[in-house]
Amino acid sequence: MRFLETFFNGQVILNYLPDLVHAMGVTLGLAAATIVTGILCGAALACLRVAGLKVVNFFIIVFADIMRALPPLVLIMILFFGMSSLGLNLSGWTVIYIVLSLVLAAFSEEIFWGGLTSIPAGQWEAGRATGLSRAQTLFHITFPQAARRGIPPLVNRVLATTKLTALGSVIGVKEILSVSSSAQSFSGSATPLTMAAIAYLIIFIPAVILSHWIERRYHFAT
Amino acid sequence: MTKPRTMLEIAGLEKSFGEVQVLKSIDLKVQEGELVFVIGPSGSGKSTMLRCCNRLEEPTSGSIFIDGQRITDIPHRDLDRMRLKVGMVFQGFNLYPQMSVLKNVMLAQVKALKRSKAEAEARALEMLDQVGLKHKAGAMPAELSGGQQQRVAIARALALDPQVMLFDEPTSALDPELVGSVLKVMKGLREKGMTMLVVSHEMQFAREAADRVVFMDQGYVAEQGTPEEIFGAPKSERLKTFLSRVSHGDVEAEAD
Amino acid sequence: MDTFIQTFFNIDIMMQAFPLLMKGAVMTLKLCAVVILCGLTGGLMLALAALSPRRFLRWSAIGFIDLFRALPPLVLLVFVYSGLPFAGIRLAPFWAVVIAFFLNNSAYFAEVFRAGINAVPKGQTEAARATGLSGPQTLIHVVLPQAIRNVLPDLLSNTVEVVKLTSLASVVSLSELLYNANMARSVTYNSSPLVLAAGMYLVLLWPLVRVVSRYQRGLSSSH
């Protein structure tokens, strides 16, 4: 009974539900913006890498490596605190959006590039032999195949990256975790944290189930 | 009667991969409407020669002419236009797995030749009809047998109205019972007057359909002549050995 | 340009902060060791449970895996660290981190192990059983070695993720690398300690990321 009072207090739930629903909107918006930007940038970088320009490729590889090796929270703090001491005040939302987009771009670049390198040379040759340019062959023939192969790992990476929106709570973005943390300290009850967990489950359980389904459908090549 | 046009001419072609010289001065002419057959042991450079003819490989030196135009020195930005004149059929078909048969045949027509969609579709259906696969237009490549896939690949090349067709072992990835359907399409093409350079080990087909047979060995054109000359009276020892191996179904044996 | 360098690459400040950061790095490594070990063990157990023929066991394991894959690790951490005290369970930051990440990591490692075990052909088990090996013997000597080989790159990349994850411990004031760097930043009003911490993470993780890339490339081109 005391357990219910602590973690599922009806009055607290009612008080903070509107705030939390709003926070879910913020989380979803941030996630959507990140997914679109990250995947598009990753695809663009992978395609650029096909051009085979040594210097450009070097920078793409270094970028992808660093973004995959660094903990996102480190990047977030550097950008958030560093930029403000340069006199450039970025909002918490912007910082999270930039960092998560860069991270997702790095991972999806690697996924798309891995897909592209696994496309048989014959596909390129067939395209080129029928008079298509390199860009046309890439765009119409090889990239669509690479993207298909990349879907299962990409879905997992998108899930992992969007869950990182919770890091927004560290720099004051009013998303689910930060809203419920402050509600927890105001109300002196653990209930808002339970609500946060449930809010995340509402968003991510369908996503996890979707990822299982996709993995089964495209079970080849991870 | 005018002198026949030379559609494809290879002159002094050399090709090295790094240190290894794979083609050592190849000379070869194919007249308009001619079907020239290329045979030779695995690794002798047949594919490399063919791929130089549309510059999928860059020749190290020498010249290649398509219908009198030298293609070995045209700049990269004009390669795509040149390749429209040279159709190529690969051993592994290389159909685009994510597109229907019809889309496979339409793609380059629309994107490289800039035909309208309607025109490209009509032409694609016509070509699919020619290879006996019009009814498969809506199918995906994975739903077709190897022989059907290869015929679609031929239709895809033909739809661009090439002046020369290159075939690189078009039937060697096929189950024996499917080979005939592809050879039949090739025979039909020959009767229509298409100029063809064919690498293949279908000796029976060579006897029936080839105007000339070229034997390649270790990067050279070692011997050439009519099918009767090459198969009936081979001169060099290497060719004799090769032919006896092939007749025992042992083509790949001489790979080094 | 100069202010940029002063803000992010101030050598003096980095030198000053270095000992503190090294201390943090040691804590990070300690945390990694515990968390990775727990995650691997828990993940293997969960994977076996998720493949068990016993329906109740199987579905509980799958439920557990999906539940903790769906929750952001930071949410778990905050819940364990700030929520559980309301139920009278008060944990030191270190153990709060270990428990929260155990829940998260074992779910992820379980997925990896499960995929690896599934990829071992049925014939292998049948052959082993036919030669008289017991179920556990078959698992240990025949199935698991192949399963682990199948998913070595994924295990490695998951491990990289775990190391990155430990930076979240700074949120609950565990004095690991990022926490100490951020402390140094707030004392010096300068971001260079954060950049130095980033450098340290890179030294640790860049080689692993390279290996993962190389490995995955090798696998995909052999298809």
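In order of appearance the chains are A, B and C, and numbering begins at 1 in each one.
Just so we're on the same page, a residue touches a chain if its C-beta (ideal position, glycine included) is under 8 Å from a C-beta of that chain, and two chains touch if they have at least 3 such contacts.
Only a predicted model underlies this, so the values are computations on that prediction, with no experimental measurement involved.
Taking each chain's centre as the mean of its C-alpha atoms, the one that lies farthest from the centre of chain A is B. Geometrically, the chain at the heart of the complex, using CA-atom means, is A. Inter-chain contacts peak for the pair A-C, counting C-beta pairs in contact. One simple way to say how far apart two chains are is to compare their mean CA positions; for chain B and chain C this gives 54 Å.
Distance between chain A and chain C, defined via averaged C-alpha coordinates, is recorded as 18 Å. Centre-to-centre separation of chain A and chain B, using mean CA positions: 47 Å. Contact with two or more other chains is made by no residue of chain A.
Residue ranges of chain B in contact with chain A, taken from their complex: 54, 56, 79-81, 83-84, 86-88, 90, 92-98, 107-108, 111-113, 153, 156-157, 160.
Chain contact summary for the complex, chain C toward chain A: residues 3-4, 7-8, 66-67, 69-75, 78-79, 82-84, 86-87, 115, 154, 160-161, 163-168, 170-171, 178, 181-182, 185, 189-191, 194-195, 197-198, 201-202, 205-206, 208-210, 213, 216-217, 220-221, 223. On chain A, the positions that touch chain B within their shared complex are 120, 122-123, 125-133, 136, 140-141, 144-145, 148.
Every residue of chain A that touches chain C in the complex is listed here, in rising order: 3, 6-7, 65-66, 68-75, 77-78, 81-82, 85-86, 110, 114-115, 117-118, 159-160, 163-167, 169-170, 176-177, 181, 184, 189-190, 193-194, 196-197, 200-201, 204-205, 207-209, 221-222.
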